[in-house]
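Across the two complexes that follow, chain A remains constant while its partner is chain B and subsequently chain C.
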Partner chain A sequence: MKSRNRDSYDSDLTLWEIGPYHGSLPAPMRMSLSLDGEIIASCKVETGFLHRGLEKTCELHPWQAVISYADHLDPEVAVFGELAVCLAVEEIGDIEIPPRAKSIRIILCELSRISAHLTFIVRMAKAVGSETIIHYVLRDREKILDLFELLTGARFSLNFLRFGGVNADVTDGFIERVLEVCEMIRIRMREYNDLFTFNQGFLNRTSCLAVISPELIRTCGITGPNSRAAGNPFDIRKNAAYLGYDELDFEVPVGRGEGGSIGDVHDRFLLRLREITQSMEILKQIAEAVPIGNYINPNIEKGYVVPAGEAYSRIESSRGLLGCHVVSDGKSNPSRIQFRPPTLANLMAVSYLVPGIRIEDLPVVLSSLDLGIAEADR
Partner chain B sequence: MTSGILWVISWCDSIGFPSDLPQWFYALVALICIFCFVVVPSGALLTYMDRKLSADLQARVGPNRAGPSGIFQPLADLLKLLQKGSKKEWHWGENLWLGVHTMALYSTLAVMPLGSLALLVDTEVSAFLPYWSALVLALGTMLLGLSQGSVPGWFGGIRVAAQTLAGSFPALVALLCASVRAGSFKWSVLAASQGFSPWTWTVASNPFETIAFGVFVISGLVLLAIPPLDGGLSTSDIHGGVSSHLYGRRLSLYLFGRFYGFFLWSVITVVLFLGAWRLPLGLSESLAESESYKLLAIIELVLLLFKTLSLMLLITWVARVNSRSRVDQITDFTWKVLSPFSLVALVGASICAGWRAFS
Partner chain C sequence: MDKNPLIAKLNKSVPGAVLESRRFGRSGVTSIWLEAETIAKVAKVLKSDADLKLDWLENLSVVEFENVLVATYFLASSVTKQSLILRISAVPDSLMSRVYLPSTRAIWPMAEPMEKEAEELFGVSFHLGPILRESELKSNLLPENWVGFPLRKGYVFPKEVYGLPHSRAEKKDLQKKVVPR
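Take a look at the complex of A and B:
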């Protein structure tokens, strides 16, 4: 810790550096805090501790291997990285995706979204020291990982999407089990609300804390649940639909300020609960009408080489807008792959949101932003 | 010599000790007996029950390895911690803390009320002594934090001090409420003013005593930083605060001190508000008349421990299903809500006591 330097003598502030590994940080990162007593006066965020050279690695490997590397963009929600790459490549190659493959992709995406939001609840509960709800939510999340295993053979790092479709068709009984899990989570959501969401202690810790304003959304480019919790109804699934999301009937929830202020930590928490509900609605609609047909475009061969060209895909990941810029020069490996992860914008917002809060609230605020350092550092 | 030591004398005589031993020797034996046969087993039992209850609440298995149903898990944990020595040289500040902590820990053993025949110190200031010792225990915890030489320790120590200051005032006033009803601060009188039936307990005697009970329990949690009001010790921003650098034997001593504070406060709460060790149907008197002192002491102790551990489990259950509050929220609540309520309770309890005296 740097307790004193010349600046701190002049300003009577204490400097405290935490990280890259610290209990209040959701992932490896470093924060330089200026403290006025227990109030944070300012903060500087330093990231890069999880840099793996992912984009460069993608460029050095064949096209098919890129999908498995894209898995590791954000290991928690692997399918979104895969999907972003696939959509861009399919646009360059003008590859048609069979309707059945689209449905399977949507099922995977929405299950991943639910899983990610359940993990978010766990992180929030850990930040406020509420132990019991953690075990309930993790128990329920296992059911979703079971579904991943049933469909893809893996619980994490699915490596399941392919250019023009998916790797395999759904197994017998998979759709029924998806519906069963949806029903189970619908019931459990009531328990979560009774035990945690509207618990007075939790409200006291989260209401009117670290409010994201519309100006901050514009300044940092915040998207996803954090932006929607602040009242901005921007969702790529609606605004620039892909995979046939425009044919589905679902709402985009926005923050209502039940905790006291629109865009506060409690709003961000509630919004993710509502998104879980909407994802379950989408899954029910898809499950009722999975089209019959191929699960992958039969014209795409195993060693498919993407023709020269470039494309930029945008999808709605569990953390916000995930963009992927793919450039091909017609060779067996990509010329350039670039990701635009939503966490970058959320990280920028940290230095605006943290000043003025108490250091006890730091873990709560960081958890509420749902930072995925893996995708930010890549 | 108080009646509390008489059972020690008779036990020492039956073992074969000489009959002309000094009084301090008997007092020392009594303290060792209370520590080894009451406090430590209670700590092990409560730790085990806490883990099992938490596991049941959280859809987990809980301890299941050491002994049948994991019953020896607390013992296994203690043995493991005791095997771990210190990696660094002792700092003088930590020695100071250890001294204060130990002093607070063992001084309260002498004044802990554990039954009508187990009152080593039963004077007009008895009820205050554990209270002051709890303050000293909190002071020791604060010194521990300040002696760590790290930010988590400093913040933890200062937060503990803030909580202790905030909680001590309403706790003291609530203690006065119970004493106003009994008309004394002696443990024996405080217990005698209640009966076995819950309707005769101080907590149910009038609404003001009920308020005082609530204030006493909550302010005790604040004073000793017991979950869920342990923001000063356990928030993740300070890595556990004052205990962040402790491990091995020192950690076990620290954890036991924390348990002891919780246990002590719960015992006092039971004696002040929840009927103490009072037995039904005049059993105390009949056993005393038949000179079955050992049996009487054991029954009273079991009843007192049952009530105490039930109260502790109830608090633990509440802690498990609630979020941890921030320190400033805890101190705000204590100063702005608990303190006024405690004063209202004191005024009301005084009026009720006066009314009863004159009617």
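Take a look at the complex of A and C:
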């Protein structure tokens, strides 16, 4: 892993190549670091090791199969890929979504967001070497995966949304279970805070580290929790609401700089905890009033072919703004499906954030950005 | 004189840039088709204009419509909250030949990863301006020495990749040969 070449002899810098597969990396990627002692002087990031040709695959399959492929855009939060495709198709075909289907979709989205943020806590805990919290959080995340299984039959790769609604109605007792899990996570959040969030060791490792500035947000186009932690309140659920998010009462948390400076690693961590709280608020409001009626538009037949046209949908995934450009030429397969994953911007930010930090902090910074290489490489 | 004040403004700043303007799909967003070579100049105007301040290239998508490669720029403003779509096109000489379009990285730095993707998968090369510094992000979506641009409509899949059959049917044929019944 450690190497020296002519450049490093000339400049007294050591060159390190990490990856594509390495324990300190959140996913397959290669980092070329030049080190001045323990300080990282510069960093090059190389991605593409997880490219599966997802967009091409979508073009080669019928419209209905595209939903199951969209699942694999980001396997950790499958429902967001599905939703982005469905919303674009529904705009092209002018398909009405029944209110009950909208509610079920929001429940799935917010449960996925909580699940993704819990996974984020696990990654952060791994990066700073805190074992206990990992087991606590994974135990609680299982409850959310149980809910997915109860509703869709799958814990990952849900393949549950359909053009004009969802695949099945909610099962008996599902809504009550959602509320129970919300209450359980609310209690557990105190446990996480006592054990981890305000632990002095954790604060020392994350405060004032790798600060995202408003300038960097503008340069790279960063969205989602990483951008909000740096004080930018942009959330597409509020700015251009879809699925009826505008009728719900929830806040968009922003970074406050409790760790020392606004937009540091600790802010990114705290912000995700606050987003879990807001997602639970949304779930409670939805669960109290799930409308009665169809769970899918009855006019949409199984072999539905999307009419010629195009649309661009934008949703707020757990990592930021997920866009989907869908083009149909009226045939049985899509003409083009293109995703705009939020991780592309986060990856671009890595080479700006890493220089100047110590090598031991690299896994912490990478984990704090919540990189989804699967969606970036596609 | 154009009725749309934005089109009039663009025609005044970059004469001959606007080819036509349409509504994008069913959405209320305007899409403007531009002369490809003018995109960088138009981008500069749109970003610096006080009423628009289109400082965020949210997405860059390339689509092939009947052998024409169309680059679509989804723009938004973090200040004025406006959005706009720009489109430029180029026609490749053949399946294997690249097309060249001006890069907008100097105006919208976030274009870089999206332009690199289009370069590999569509064969659309975005030529850079003289002031630009390459960032440290590198993407290798395709294996080295890959022939062709997979996202083009006429792309023909290779029969084998590094000595291994590419399609499922050929893989089954190989299994039959290896495992005698």
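Please note the rule applied: the second predicted complex is superposed on the first by the 376 of 378 C-alpha atoms of A that agree within 3 Å, B and C clash if a C-alpha of one lies under 4 Å from a C-alpha of the other, contacts with A are read in each partner's own complex, and residues count from 1 in each chain.
Heads up, the rule we're going with is that contacts are C-beta pairs under 8 Å (C-beta built on N, C-alpha and C of every residue); 3 or more make two chains touch, one makes a residue touch a chain.
All figures in this text were calculated on a predicted structure; none of them were measured in a lab.
In the superposition on chain A, A:Ala127 contacts chain B only, with no contact to chain C.
In the superposition on chain A, contact of A:Leu347 is made with chain C only, not with chain B.
Within the superposed three-chain model, A:Asp361 lies in touch with chain B and out of touch with chain C [touch as defined at top].
Residue contacts after overlaying the shared chain place A:Leu248 against neither chain B nor chain C. When the shared chain is aligned, no partner comes close enough to touch A:Leu322: not chain B, not chain C.
When the shared chain is aligned, chain B comes close enough to touch A:Glu38, but chain C does not.
Partner contacting the larger number of chain A residues, of chain B and chain C: C.
When the two complexes are overlaid on their common chain A, residue A:Asn199 makes contact with chain B while staying clear of chain C. Put simply, chain A uses no single residue to touch chain B in one complex and chain C in the other.
Residue ranges of chain C in contact with chain A, taken from their complex: 24-27, 55-59, 61-64, 72, 74, 78, 81, 85, 108-110, 112-114, 121, 135-142, 150-151.
The residues of chain B lying in touch with chain A in their complex are 54, 57-60, 150-151, 155, 228, 231, 234-239, 320-329.
Considering their complex, residues 1, 3, 16, 22-24, 38, 125-132, 134-136, 139, 195-196, 199, 201-202, 204-205, 358-363 of chain A touch chain B. If you check the complex, the residues on chain A that touch chain C are 42-49, 51, 53, 55-56, 91-92, 94, 218-221, 232, 234, 239, 309-312, 314, 321, 323, 325, 327, 335-336, 338, 340, 344-345, 347-348, 350-351, 377.
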